[in-house]
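Going in written order, the chains are labelled A, B, C, D and E, and every chain counts its residues from 1.
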């Protein structure tokens, strides 16, 4: 019974993973990826990893929400109103993907990992907690520092006003003629990057 | 297994319910237009939407990772005692530096 | 089951979308403080279109569009200033007829898409390439400069009004949004003229309360009671809609005391540009109709 | 057998709760009225997501209610990680509301959807902090164990900050009053602005169902759930849930809504430190 | 048996993820591919932990680390996208001018 469900969920995870690159709408792509994660989380629940399974769904729901926001923000035609394909080196990629999947699959089929299933009565959540506070304490605190670095890095990279003024100031090449349009590649929709009247002072 | 079955069951039930209840929708072209108080728009509403607190959302996904560590920590908190309090205190203190930094940079409002 | 549904539906307050014409703002707003009437915020949620007063001919296409956006079965009720009780009785009667006949009025506008799209282009959806063409009848929004953080993302331009429930009746704004921040705004048509009774402090306060999500409190205010709501002043940020040294908080405070809050002349577009949509709507609600009409007509006169 | 009974109990609670919530909202006749109208298509909508969003909202409410114990030691989903399952329901609610606003391809719903994403994400933090704080004395993430840990004193007394913070979360999840940024008045009903007919009715029902579910969870975590003298467990749970529903409806009608930008700052700068304080208080008390 | 199914699923996910990461022109879509590969890794970790390692706690920790990696990758990746877009007003790995219809 469990085998059947695990197989179905694996298929679902793979299918939704495939859909990510096949749907036109960026929102659908993001949430298709989320469904793939949910299937993996459900497999975790079935394989007596309740915490990891459910927490995967929890974390990935949040992350895919953010993912969808950014996908829509930065992709052309985010809703896929015009069907589109935006790929390069397509054959190479397909080849690489197939080779990777096949070789890994072959490795799975020909290897014999030890069989040692998790005990049914084990309190896996508490074990994880003791592990975090005991032997793996350093990993735990290192993760904290890494996340802090990520937070600071993300703020510095993405926010406009920093200690050194607006991040985009001085980033445009000078004009070819005096006061003319900036040289180099033009963004679509034209420059218009010139008035920076900054709105602030609330919040 | 029960958890899985129950969640799957509710989801399937709700979807069936929605399919059964929702009739197909129809409309003429002016009817289908988005409601703008009688006004009209040139373009589709779907767009590269300028989500204003984008920096906040990035900070959020990094900060939210802490939950993954906190849940198992909560289970062993009483048995580990003061050590658990100290370690999680340190962890949260490290992360709150990031939040304070973000606050100073003014990211918790519409950019 | 169906019987229960019908009995319940018969007891529902009438869901009415109001198209308010010149001189009818105060009366209509007071009408909706009644328990048996509910002002729908969108025509999709209404079955009756209440046309209060004579709608000028410039707005007749907009009226037809709003009419068509009400899901069938629907009906129109004209209100020319009769007694509120009579108009409510008429609305109720119309509703009852609708439940029996279940057809209602036909569409007023022809079923023509904004652009021809069917069968055009490689996929037959009217589009061209990635962003081009008019997929499903409309082009896609294009990028443009942003006034706040310099990320050039799509600008959405629309004409909003004259019957938008959050705007004063008659006001049509040509807005350019990026996200929900107003990048550019111009006045397409000024609000319909309203007599001084629309400036009554209780009406002004009720408008603000409805925007703050306090419909019940607004009804209480119009019924002459205290609003009985928490955090009304606090929810309005300081400095919002500042004109001649008074901001929205001051004006709301004056209205709560039952005083009028007269305003000098101001430049309406400048007040709105750069504001978030929610702030902009609060600013508009914090301007008494007479001052707003004067400000909106100023560029026209000049 | 017990499972079957519990399934019935969840269904009955949800059904009765929705009716009660509609009565509290004075929305029952309106729902019937909405159902009698036709459903209007919008321009080139995302049909699949439009139809699925209300259904999943309803499903999330049902799953959330399933982790709630109806009697001490008796829950439909008696999982060791019940709190995490509920947290997952909260996270998925954000997505469902976002999809509801995204799918009609119209400006006001779109603005509502993004506002909700901006507010709903940080609201998760106080929610998780107060729920973890409640899990500390129970030494378990299971709601059944959390109920057992309240036999002597309810969490609402041990962790006084927990319930008020969770009520803010509940208002957000049910799109209500001061936290109703998705369906606000200044965007003509926001994500619901383009809903008509049966689709609209289903969304409203799902909102009410979520109100039942979140109140039941709050009653379980902070008010001892089914614990109480004389009356049987389920009755106590129902009473507490109904009381919390009334409180939420009252709050939704009485408290003003500020602008989303301001609320975002308040969430990070005021509510997050408060929920941290709640965690510290309950940690020290539990030791 | 179960482990084989799980690992085959993981292999397929990694393959699709690799395809996505290599083929997509847009940086944000490329990140989707990366996430999918990490999803496969996560599935494999869960399978090994549950069926082959007897539930040793380090396995769960590894799964959490995989998720933390995803979060870090997303936060930094999107921050980079914002920074690049702000400077160049383009998110494509190739010029956008040629793609406009």
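Convention: contacts are C-beta pairs under 8 Å (C-beta built on N, C-alpha and C of every residue); 3 or more make two chains touch, one makes a residue touch a chain.
Keep in mind it's a predicted model, so treat the numbers as computed, not measured.
**Q** Which chains does subunit C share as contact partners with subunit D?
**A** Per touch definition, common to subunit C and subunit D: A, B.
**Q** Any chance you could name the chains that touch subunit A and subunit C both?
**A** Both subunit A and subunit C are touched by B, D, E, going by the contact rule given at the top.
**Q** Going by C-alpha centres, which chain is most central here?
**A** The most central chain here turns out to be B.
**Q** Which interface, named by its two chains, has the most contact pairs?
**A** Counting C-beta pairs in contact for each chain pair, the top pair is A-E.
**Q** Averaged over CA atoms, how far is the centre of subunit B from the centre of subunit D? Could you give it in whole Å?
**A** Centre separation, subunit B to subunit D: 14 Å.
**Q** Go ahead and note the Å separation of the Cα centroids belonging to subunit C and subunit E.
**A** Result: the chain centres lie 45 Å from each other.
**Q** Just curious, how far off is subunit C from subunit B if you go by their C-alpha centres, in Å?
**A** 30
**Q** Take the average of all CA coordinates in subunit B, do the same for subunit E, and state the distance between these two points in whole angstrom.
**A** Here subunit B and subunit E have centroids separated by 20 Å.
**Q** Spell out, as numbers or ranges, the residues of subunit B touching 2 or more other chains.
**A** Residue numbers touching two or more other chains: 3, 31, 33, 35-37, 41, 44-52, 54-55, 57-65, 67-69, 71, 74-77, 99, 102, 108-111.
**Q** When you check subunit C against every other chain, which residues touch at least two of them?
**A** Residue numbers touching two or more other chains: 42, 44, 69, 127-133, 135-138, 140, 142-143, 148-153, 156, 158, 164-165, 179-180, 237, 276.
**Q** Mind pulling the residue numbers of subunit D that touch at least two other chains?
**A** Expected reply: 38-40, 43-44, 79, 81, 84-85, 87, 102, 105, 107, 114, 117, 121, 124, 141, 188, 193-194, 196-197, 260-262, 264-265.
**Q** Each pair of chains that touch: what are they?
**A** In this structure, the chains touch in these pairs: A-B, A-C, A-D, A-E, B-C, B-D, B-E, C-D, C-E.
**Q** Where on subunit E is subunit A touching in the complex?
**A** Listed in rising order, the residues of subunit E that touch subunit A are 1-20, 22-26, 28-29, 31-33, 35-36, 39, 42-43, 46-55, 57-58, 60-61, 63-65, 67-68, 70-72, 74-76, 78-83, 85-91, 93-97, 99-101.
**Q** Can you name the residues of subunit B that touch subunit C in the complex?
**A** 28-31, 33, 35-52, 110-111
**Q** Going by the contact rule at the top, pick out the subunit A residues touching subunit D in the complex.
**A** By the definition above, subunit A touches subunit D via 25, 27-28, 31, 34, 50-51, 54-55, 57-58, 61-62, 64-66, 68-69, 79, 81, 123, 125, 202-203.
**Q** For the complex, which residues does subunit E have touching subunit B?
**A** For subunit E paired with subunit B, touching residues are 64, 67-68, 71-72, 74-75, 78-79, 82.
**Q** Where on subunit D is subunit A touching in the complex?
**A** So the residues of subunit D in touch with subunit A come to 44, 46, 48-49, 79-81, 84-85, 87-88, 91-92, 94-95, 98-99, 102, 105, 114, 117, 121, 124, 141, 261-262, 264-265.
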